[in-house]
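Naming follows writing order (A, B, C and D), and every chain is counted from residue 1.
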C-alpha cells in the first residue's frame, strides 16, 4: 500500500528491472488506449461531440472478431501454423475495422447528423442512447458473462526464458500492429488531400466550406477512420487480453476518453500521448500503489494535470474573442 | 400542457401534489396496482421522489449554471455513506436522522466546493471529464476504505428516523402504522415532504439574484463578470447547492433502503441517467426535471419489471429464451427512446422558458427620478 | 480632473502588438471618443480597461486608483486555511485512513450497547501515529498485542496485566531488532537478551529462525518512522501546494472584470453580448446584482426584506428601460429583440451597475440614421446625469456631433488627439482614417 | 447576356434577427464592385449569403443565369466563386503551403495547381519564405495575404473579398489592392466589401452602399466618391 510494498516489489527482482517491466506493460497497454482514444479525439475535433458510443463500437468489434475466429476454427483454420496465424490475424484486421467503420458512419448518419444544429447537449444524450443500444446488442450477441477470447499467440518471453524483463510475442504483436497503424494515420492526416481537409475542417469549418470542402463527407470520413481504429484495437485487445464482455466498451472507452482529454481533446498526437500516460499510470499504479487504487490513481492524475494545464497536455488555449 | 399560462399552472401543481398526498391514503389503488404488477408503486414513488431531489441538484449545476457535471452520483453516494457512518449501530456515533440529513448535505456540499474550486477555470468538456473522474475516484475510494465503508457490502442497517411522539395519534387516524419497517408510507411522506420543500426553495432561488447570476454565467460568462458578478463565487454556490442536494438525496436513499448499498450503486451510469433525466425534461426547467425523472426512473424501476412480469405471466416464453425476456431488451429500448426524443425534442420535453407568461401580471411602471447621479 | 488615465498602455498577444504605448486622460463628465480604422486596437483598449486583457505594460488608473482587488488579511487567512485543509487531508490519506479508523473507532467500540470514549479514541489515534503497539480486548476477556495499524498480531494474553507485560517485552524486542548483534548464541539456542536488565526476551532454535523473526521486528520498528516521515512530508507538501495554489488563484484574479465593474466602470460590447435567453428585465436586474444583498437562505425563503429589495430593483430597472427607450418590452426574451433594441438593452444593463464611467463599443453599429440620432440624444443625456462616457464609433456623425474629446488610434498607436475640430484638421488623421491617398 | 452574378431580393438572418432585408446586387464579368457601409450593415452577411454559408429565407442568387441559392457552400466554390472571408480565417495549424493547397481543394488539375502555387509565391514573395510555417504564427498582414492567395488558388471567376484592409498597415493594403487590380485585368471579377470606403471606391468600377440590411444607393464608383451623402456618412468630410 505505501512504501513497504514498493520495497517488496523492488526486492523481488531488482529496482531497475521492475521499473523496466512496468514501463513496458504501461506502454503496451497505453498504445491500445491510444488507438481507441484517437477515435474520440478525431470526432471531437470535428464536431465537438463526446462520442460516448465509441467504446461500444470497439466492444462490438471484438465480438465480431471472436465470432470470426470461432467460424474459422470450425472450418479447420490452423492457428498453430505461424503463416496461417498471421494470415488469420490479417484477415481479422481487415474485416473488423471495416465493420466498425461502417457501423460508426451509420451511427453518425442516422443519429448525429440531424442534430448538428441542436443544443450542444442533445447529441451527447443521443450518443449515450446509442451507447445503450450497442451495449444491448452486445448483450444479446455475447451474453451477460465474460467470454474467453482464444489465446492464439504465445506468451513465451522473446528475451529468453530467464531474462529479467518479460517481452512476450503478445507484446510484440501489440506493438507490431498499433505502431504501423498510428504511423499510417499520421501520414494520412499530415500528407494526403483528405487528411488535410480533415484538419482544416477541424480548425475552421466555415473556412473549410469556403475552400470547397464537403464537410459532411469529411465528418463521415472521420467517423469511418475512428471506427476502423476502434476495430483494429478490438482485434488487438481480444488477442492480448483474452477476455471480452459486453461491458468492456464502457470501461475501456472511459480510459480512452480520459486519454484523449488528457492529451488535449481534438489533438491527434495528444491522444497518443494521453494513451501512453494512462497506460503507464496504470502499470506503475498497480505495481507500486496497489491494484485496487489503480483506477482512482488514473483519475487523480487526470484531475491534477487538468488543474495545471486546463486544455490538456498538448492542447492550445484559445483566447476568447470579445 | 406546455402551453398553460401562469395563472392556470399553479392549480395544476397543487392538483398533482394533492394527488400524490392522497394516493397512499386511498389504500385501494395501491393494492389494486400491486395485484396487477406485483410492485409497490408507492415504494417506487418514494424512490422517484429521492431521485427527483438528486436531479434537481444536478439541474442547478448543469441546467442553470451550464457546468457539465458527470459525477453527481458520487455526491449522492457520499451523502449515503455519511449517513451510514453516522447512524449504523456498528459505529459509535449513531446520530439522529435530522443531524445525519444536515451533515450529509453539508458534507457533500463541502466536497463539491473542494472539487469545484481548483477546476473553475476549466471549460465545458474538460470540466465534464474532471467531474467524471472525481466520481470514479470517489467510488473506488469508497470501495477501498474497507474498514470504514465495509467495501462492496455497504453499511447497514441504517436505522429509520425517530418519529416524534405527537405524530403517532394523527397517523393512526389516517391508518398509518408508526413503524417504518412495516409501512412504506412514512418514507413516502418524508421524501415527498423534502421534495416539496426543495422545489419551493429552488423556485424562490430561481427568481432571486442568485438564480439570475447562475443563468447569466451560463449565457455569457464574460459579460456576466463585466456586470460585476463574481463568477467564481456564483459557480461555487451552484456546485455547493447541487452537490448538497445530491448529498441530501443520498441520505434519504440510505435511510429508505436501510443500507448504503455498495459503492457500485453510485457509479458513472447513475450520473449519466440523472443527466439524461434533466436533458430529456428540459435543461434548467424545474417541471422538466421532475417529468424527466418520472419518465426515466419510472421506466427503469416500474415499467421494465412490470413488462417483464407481464411477459412471464403471459407464458409466451416457456423455454426461458433470453431473447424473450424484457430485461434483456431494456437498454436497447431505453437507448432508442433517448435517441428518438433528442431527435424530435432536442431542447427537452418541457424546456425552461423564462417567458412573457411567467412574468405576466407584472408590468413595471417607471416612477420618480430617472437616473441617480453620483 | 481626469477620472480615467491610461499611462503608456501596451497590450501584446504572443508576438502581435495590439496596442502600443497609448496615453489618455478622460476628464469627468466628458464624452471621450476613440476612433480609428478597424483593427487599430480600439476594442483592445476597452478590454484592457475592463480587465478582460491583462496589459503587457503600462498603468490604468481610475479615480486615482489602480483597479486591483485589495490584499486583505482575509486573503491570507484563506490561503492558510486552504493550505491546512489540503495538508491535513493529504497527511490523513498518507497515514492510511483504514488503519487509523481501525485503531481509533473499531478498537474502542465493540458494538451496539457498548460504551465509546472519544478520549480513548483520540489517545489511540495518537499512539497509532507514534507507532506504539496496541492492546486489543478480545472476546472471552482475552487480550491481543498488535502493531499500531492492527495488521499484525504479535501475541495473546489472558489478562490486561499480562498483556501489558507482553507489550513491554515486544517493545524491547523491536527496539533491539534494529541494533546489530542482538541475537546471541547461548548453548544450543539463539537468544535475545535485554542489555539493560539482562533478561532473556526471546529464544530460538536456529540462527535462521532468529534472523527471520528479528527481521520482522525490524520492519515493524522502521514502519512508524517511515510513516511519520511520509505523513510529515505530505503535510508540509499539502500545506505548501494548497496555500500556493490559493494564492496563485487569487493573484490571477486580482484584476478581473468583476472587480473593475464594482469599482464603477461599465461597458457594452461590439458584438452584442446579452444574456440571450433571459428577459429584458432580467438582463437589467443582472446588472444590478452588486447592489442587491441577502444570503442564499434568505433568498430561498423569500423573506420580506428580499422581496422589498427585489421590488425596488424592478422599479429601478423599469426606469432604466424607459430611459433607453425600451419601456413595455420588459418581458420579452433578449434574443427576440430587434438589433437596435439589443444595443439599447446593453446600455441599460451597463447603466444598471451604477457606473461613473461607461464604455460604449460601437453603439450605433447596425442602426439607421434616425436611430443613431436618437442614440446621440441618449449619450448626451447620460452626460447630463453626471456620467463620463467613453465611446468607440465609426459613424462620423455621431462622433463629431457629440464628442468633447477624440483620440485617434492606428495600428495600436495614438496618432492624434483633441477636440473634434482639431482632429478633423489633423492631416495624419485624415490620411489614416479616411483612406490612404496612395492607392490610385 | 446575363450578369455573372445577380442577387435578387435576398432576405436572410440569424435566428429571429433578420440582417438582410431584400438585397439586390449585380456583378458583370470582369468587374470590380465595392460594397460599402457601416459596421453591422450586413455586408459580410451578403457575401456569406452568396457563398452559401448563410441560407436565404427569401430571394434568389443567380450565377451565370442559374439559381445557386441554397446549394451547399462547397458546390458553390466548384462553380468558380471564391470567398476570402472577414477576419482572414486561415487554418492556424496548417502550414502556409497546406493552406494554399486547401484553397485548391475543389480542383484536380495537379499541374495547373502547381503553377498557380508558384504564381501565388510570385505575387506574395513573403509567403514563399514562410511556406513551411504554421498559418497561425504569421503576422496579421501576412495572414491577410495568405487568405487572398488561398482564395485565388481556387481559380475563381468571381472573388468575394471581405475587408482585406482590416488591421493592416497601408503598405500591405496597397500591395493587396495592387494584386487584386492585376488579377482583375486578367479577367477576374471581384466583389469587395470594405470599411475604408474611399480606397475601395477608387479601386472599384461600381459601388453599392448598404445600410442596415438594405441597399440604399448604387452608382459608378467615381459618382459615389463625389456624392455628398456618401461623403458625409462614410468618407468623413
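Note that contacts are C-beta pairs under 8 Å (C-beta built on N, C-alpha and C of every residue); 3 or more make two chains touch, one makes a residue touch a chain.
These figures come from a predicted structure and were not determined experimentally.
Undergrad: From chain B, what is the lowest number of touch steps before chain D is reached?
TA: 2
Undergrad: Report the most central chain, judged by the distance from each chain's C-alpha mean to the global C-alpha mean.
TA: C
Undergrad: Hey, how far is the Cα centre of chain A from the one of chain C, in Å?
TA: 35
Undergrad: Between chain C and chain D, what is the gap in Å from one C-alpha centre to the other?
TA: Those two chain centres are 45 Å apart.
Undergrad: Calculate how many whole Å lie between the centre of chain A and the centre of chain B, each centre taken as the average of the chain's C-alpha atoms.
TA: 34
Undergrad: Show the residues in chain D shared as contacts by 2 or more other chains, in ascending order.
TA: Not one residue of chain D touches more than one other chain, so the list is empty.
Undergrad: Listing for chain A: what residues touch at least two other chains?
TA: Those would be 322.
Undergrad: Going by the touch rule set out above, which residues of chain B reach two or more other chains?
TA: 118, 144, 222
Undergrad: Sort out for me which residues of chain B touch chain C in the complex.
TA: Per the touch definition, chain B meets chain C at residues 89-92, 114, 117-118, 144-148, 201-202, 204-205, 208-210, 212-213, 215-216, 219-220, 222-232, 237, 241, 354-356, 359-360, 362-368, 370-374.
Undergrad: Touching chain B in the complex: which residues of chain A?
TA: 44, 48, 50, 111, 114-115, 118-119, 121-126, 128-137, 139-140, 143, 250, 254, 257-258, 261, 265, 292-293, 295-296, 298-300, 302-303, 306-307, 310-312, 320, 322
Undergrad: How about chain A: which of its residues touch chain D in the complex?
TA: The touching residues are 193, 196-197, 199-200, 203-204, 206-215.
Undergrad: Please name which positions on chain C make contact with chain B in the complex.
TA: Residues of chain C touching chain B: 50, 52, 85, 97-99, 101-102, 105-106, 108-109, 111-112, 114, 116, 245, 249, 253, 256-258, 261-262, 266-267, 269, 273-279, 281-282, 285-287, 289-290, 292, 294, 296, 299-302, 306, 310, 314-315, 317-323, 327-328, 330-333, 349-354, 356, 382, 385-387.
Undergrad: For the complex, give me every residue of chain D touching chain C.
TA: Listed in rising order, the residues of chain D that touch chain C are 15-17, 19, 38-41, 137, 139-140, 163, 165-170, 173-174, 177, 195-199, 202-203, 211-212, 232-237.
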